[in-house]
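Note sheet for the following structure.
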Amino acid sequence: MEKRFLAFCLTVALVIGFPFSAMAGPDAIHIGATVSQTGHFSSEVGPFKRLMTSWADLVNDQGGIMVEEYGKKLPVKFTIYDDKSDQATAKKYYERLATVDKVDMMLGPYSSPLTLAASTAGENHHIPFIAVCANSPKIYSRGFKWLVGVIDLGPRYTYRYWEMIKTEGKAKSVAFVVEDTIHPLGVFKGSQKLAEDAELKVLSSDIVPANTRDFTPIITKLKKESPDIVYVSSNIPFAINFMKQAKEMKLNPNEYHCIHHSGIFKDALGSAAEYVIGQSYWVEGMKLGDTQLINDVLKKADISEPRYPWSPAYVAAFQILQKAIENAGTLDKGKVVQSLKNLKMETVLGEARFAETGYGSINTYPSQIQGGVYKVIYPPDVATGKHTYPRPPWE
Amino acid sequence: MVFYSVFVLLWIILAALPWLGFSYGVVWIFLLAVSFTLALSYDIVGGYMGYMNLGHSTFFGLGAYTTAILLNQGFNLFTSLLAAFLLAAFFAALISYPLFRLRGAYFALATFGLISLIEVLTVNLRDLTGGSGGISTPPGNHMLPAYYMVLGVAAATMVLSHSVARSKFGLGLFSIREDEEVAQSFGVPTSLYKGLALVISSVPASLVGGIYVWNMTYVSPESVFGLEIALSPIIMAMLGGTGVMIGPLVGAVFITLVQEFLWTKVPYFHLAMYGTVLVLLGLFMPGGIVRTRWVKPFIQRLGLGEAVEYFKNVDAERMS
Amino acid sequence: MSRFLECRKISKVFGGIKALNNVSLSVAPHSIVGVIGPNGAGKTTLFNIISGSLLPSTGEVIFKGKRISGMGPARVCRLGIARTYQLVRPFNSLSAMENVMIGLAFGRAEPVARRARVAEAFKILQMVGLEGKTNHAAEGLTLVEKKHLEIARALATAPQILLLDEVVSGLNPTEITRTVDTIKQIQKRGITIIMVEHILKVVMALCERVVVLNYGVQIAEGTPEQVVLDEAVIEAYIGSFEDAEEKPHA
Amino acid sequence: MSADFIQLLVGGILLGGIYGLAAFGLSITFGVLNVLNLAHGDFLMLGSLLSYGLFVWLGINPFVAAILVIPAFMVLGVGFYLLLLKPIADKPPHQLLVASILVTLGASLFIEDITAYFWERPVTGISYTLPPMEVAGVVISSTRLLVLLFIFALACAMQLYLKKTFVGKSIRAIVQGREGAKVVGIPISRVSALAFSIGMALAASAGAFYVTLFTVTPVMGIPLTIKYLCVVVLGGLGSIVGSVFGGLILGVAETLTAYYCGAEWAPTIAFVLLILILIVRPEGLFGAKK
């Protein structure tokens, strides 16, 4: 009996061990990533595996990425797992990417919590790790040497909006409604300071649990305070419920700012979404230089920007990745990460460079929904529309 | 004894794993051992005593948070873990009074509510816990020591569970599961035993919670109080078979194997498949895998079956 | 002088209904006492009060000079009063052996040492004729086996008094004969037995003294022969019989 | 009382109505089958999506849709009962508890996953709002008021059904005690099927109202189910009055807590009430003592 059990154990060990023997060939640039295909982030990045493979296809159609050391272009190959929107799973798969798939570089998972867990794999196994949609300052305060992030820190997420408010000087007071999750909370912390810098009076800041659906108490309070700006720092479902009830209860500030106001927001609210300001990385027709690549990748991947407004940030990440390898001229991981740190380039979303601790420079622009269309309203050199302030009140 | 020799053997193999080049296997076994320990410690209350404690992950979360907070205060790992399990055990003792006034579905419901309550508290006590953003602990590569520690805790939990099942205390727990009133009138100190069982089951859960966060270097309310971590150990225990020590092991290995080898092939419908398995389990196999016709004889011959079978061996020895 | 077991003027009220009214009962050591009476006479209530599961509304139970009412079932059990249930309640998914071991481990004032438990449990199972079923789960046993298992579980607590609640109801004549033999065996070991019973034949065969209850009132007491001739008893039994005839769906 | 307080009270009551309706469906199934149906919230979600479809694609008013979903979900409910719950209905209590949690949790995961895949919208909300009313400085959302009126009408109809019809009485008898009901010859299985389908239909109907007020996501089921279970325990099993009052109490308590103690404490109130009621009066405010 014991022999049979031993045999069983060995079989299990072999079965577990078997897939680890595969090796990446030297004839491709091997990039590892996870995507939240299932779990609660799936609604935000579910189909993004297509985004990655589509870009790889586009690059490979032109022969791949030039690597000087080998004197030829190498094709890009992705290995992508589903992290189920779960930290432990994400960490597990990044460990796998590092030890079994032996990737050359890693693209980060979606969101700060997953990135916090996953980025340790890059650090421990010395593999360049590019965080994409993750901007919590916590990620960059740990002294990681193998980590860079594409986008700017969360607290600076809406700095261009506050710049605009300061320049215009019309609004005098603001009230914050904040969803108690990591990203909206980070954005709020920065915005609070930026609002004070813009000489606005902060009337109140309500930090509200993530699953809150009924806002009667908060709206009752806001009506009493009547701020100029109601600033909703939250994810989309939260903002939809808030705006809907604000309209039902006739809360009429001069301006609504909902940091995320993508296509779903607009569809679910209809006329209540008019004149709401939010943040966009990119809108059609923006004067940002050559943004053709965004259109190409999104079209090939069959992903629509208004539905997934953070998708352009991934395109920028791809460009950064490509440029870093081209500049390094080798797949040597130490040199690639050095070239990443020294990088300074023009991407589809403007200039990209990295701070000492690793976070990036790409940031969002304030955009207002006007007649159902997203108009970037600041700064003037890239704007596609004009800021309407105050918004016409609801009857 | 067959029982000990089999497991010592298995543990030697597992301990050798990192030195045989299975570095991903280490990550994999680490997570498996965490789930398994949770499932096994759940089973002391859920399987042996028959109180379905859907809030078992509360102890895991408490252990994780206590450890994270103390590590950030500069305490070493062992002090932090010690504090973690003492706190969890104290908490278990504290809540056992109101909780065990309830039985059956009410108990299950109240314990499920307990997780949400603790989660909200964790989110709201921002100064202590870092709020919804969670806390990062001092970074570092702790994979290997964490692996050995979890293996150790898992082994200790198995020994614990095994000796509980064979003890007077275990007999008392079984009788509570079967008929609490009769048990009480035969002198089983039911209130004491119920509280004790909850405290005992909280210790391994809080310890693996602490080791988990040390290795993960980051903890957020959702990662330790979420639905997944609450339900999957219970599902593992039930799939394998509750009330039998080998059950949670079979369940944990089965589910993690399926996740690893089946789900990487099929990108969608994982939860749907999971759900289907649960439904089939509930309808046709409430005893779990180890009680099915094909598996039971094998398990019994290894001497790993239920306590019921245990006495058969004893009898045979005595009477022959 | 206080007897071995004495119930003094026990009454029990359930929501305005008197289940027991001023019942007194005294039991000598090593005797077999029967408690009989029609349905709803309060027999099981009396058992629940003696075994400590229920508190009497008034009155008290004295065992060897000690007041035991109010102690709770666990302490009463340890003092030496064990019981079986009218509707059998063995620990279903546990084996016969484990059922008995729970009695051994928890029900005694001085628990049996761990090592001796299995042998002791086996001896007790032998006494009730279940030595062949030690490892069978209780839920798989037949009714008579379950009843015997309950007796064994009660015996495991080393009782001085054994309360048997309708232990032969639902059994066929052969099984009844076997059970009666078992009970005689138990009495021979010096254990006092109080039994609630419906089947008069069994009571006549076993009991030295019989107490008759009707609607919670003690209407007769004496030897079986005396009691069956008592007018009030005949009245009670026939009366209840007639009631049953008149109101079949009551 | 200040205008604010009245505003909050009104808001809480308008919110509580929907808790009550959804909870009552759960209460019936829990009472009749002794099964904690963890998939209840998912039926609410499906009802919401169906009503969304009727509104967006066929232009049917959500209040009409709330009636239209009832027959569809009664059929679904009977199917669910026959397929998944009937086979386990006669198990002994401990096994029933385990089996029912496995089955309904499995069903819940299954429904959520399949829905999330085929219903590609992560967030569903309809842009249906009626102009608000203002009475003495208190703004009342007309949509919510109408929802509350509809719910009261439905609750009254249900109450009549339970009190007057044979099936209704049978359902109440089973809630009181399954064994007793069996003895008097109630066809337990058929009545259970019907009760379950009524529970489902009420959930779906509550879902149709829900989507007019809040956004819906395919994975919202289990947290909602837990909240409604709190309402059920608060009100008492199988009692429609209890469920409605339990819902109103929770709605008002949440609103007041959010205003006076801060919004972050609102989610705790359901559990605090739950634990309190379980300790003080386990059978619920309107439940019968067993």
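Lettered A, B, C and D in written order, each chain numbered from 1.
Please note the rule applied: a contact is a pair of C-beta atoms (placed from the backbone, for glycine too) under 8 Å apart; a residue touches a chain by one contact, two chains touch by 3 or more.
This is a predicted model, so every value here is computed, not measured.
When every chain is represented by the mean of its C-alpha atoms, the one lying closest to the mean of all protein C-alpha atoms is B. Interface comparison, B-D versus B-C: the higher count of C-beta contacts falls to B-D. Taking the mean of the C-alpha atoms as each chain's centre, chain B and chain D sit 33 Å apart.
Work out the mean CA point of chain A and of chain C, and you get 74 Å between them.
One finds 43 Å separating the Cα centroids of chain B and chain C.
A straight line joining the Cα centres of chain C and chain D is 48 Å long. Shown for chain D are the residues that touch two or more other chains, namely 113, 223, 264, 267.
Contact of a single residue of chain B with at least two other chains is seen at positions 120, 123, 177, 268, 270-271. Each of the following residues of chain C touches two or more other chains: 92.
Judged by the touch criterion defined above, the protein chains form a pattern that is neither an open path, a ring nor a star, and not fully connected either. Applying the touch criterion to all chain pairs gives A-B, A-D, B-C, B-D. Listed in rising order, the residues of chain D touching chain A in the complex are 4, 7-8, 11-12, 14-15, 113, 116, 121-127, 129, 131-132, 134, 139, 141, 143-144, 213-215, 217, 219, 223, 254-256, 258-259, 262-264, 266-267. Chain contact summary for the complex, chain B toward chain D: residues 50, 52, 98, 101-102, 104-106, 108-110, 112-114, 116-117, 120-121, 123-124, 177, 227, 231, 235, 238, 242, 268-272, 274-283, 286.
The touching residues of chain A, when paired with chain B in their complex, are 1-2, 5-6, 9-10, 12-13, 15-17, 20, 37-38, 49, 81-82, 84, 86-88, 91-92, 95-96, 99-100, 112-113, 116-117, 120, 123-124, 136, 138, 141-144, 180-182, 185-186, 209-210. On chain B, the positions that touch chain A within their shared complex are 2, 5-6, 9-10, 13, 17, 20-25, 27-28, 31, 120, 123, 131-134, 136, 139, 141, 143, 212, 216-218, 220, 222-223, 226, 228, 253, 260-261, 263-264, 267-268, 270-271, 301-302. The part of chain A that touches chain D in the complex is made up of residues 38, 40, 42-44, 180, 206-209, 211-214, 216-218, 220-221, 223-224, 236-237, 240-241, 244-245, 247-250, 264, 267-272, 395.
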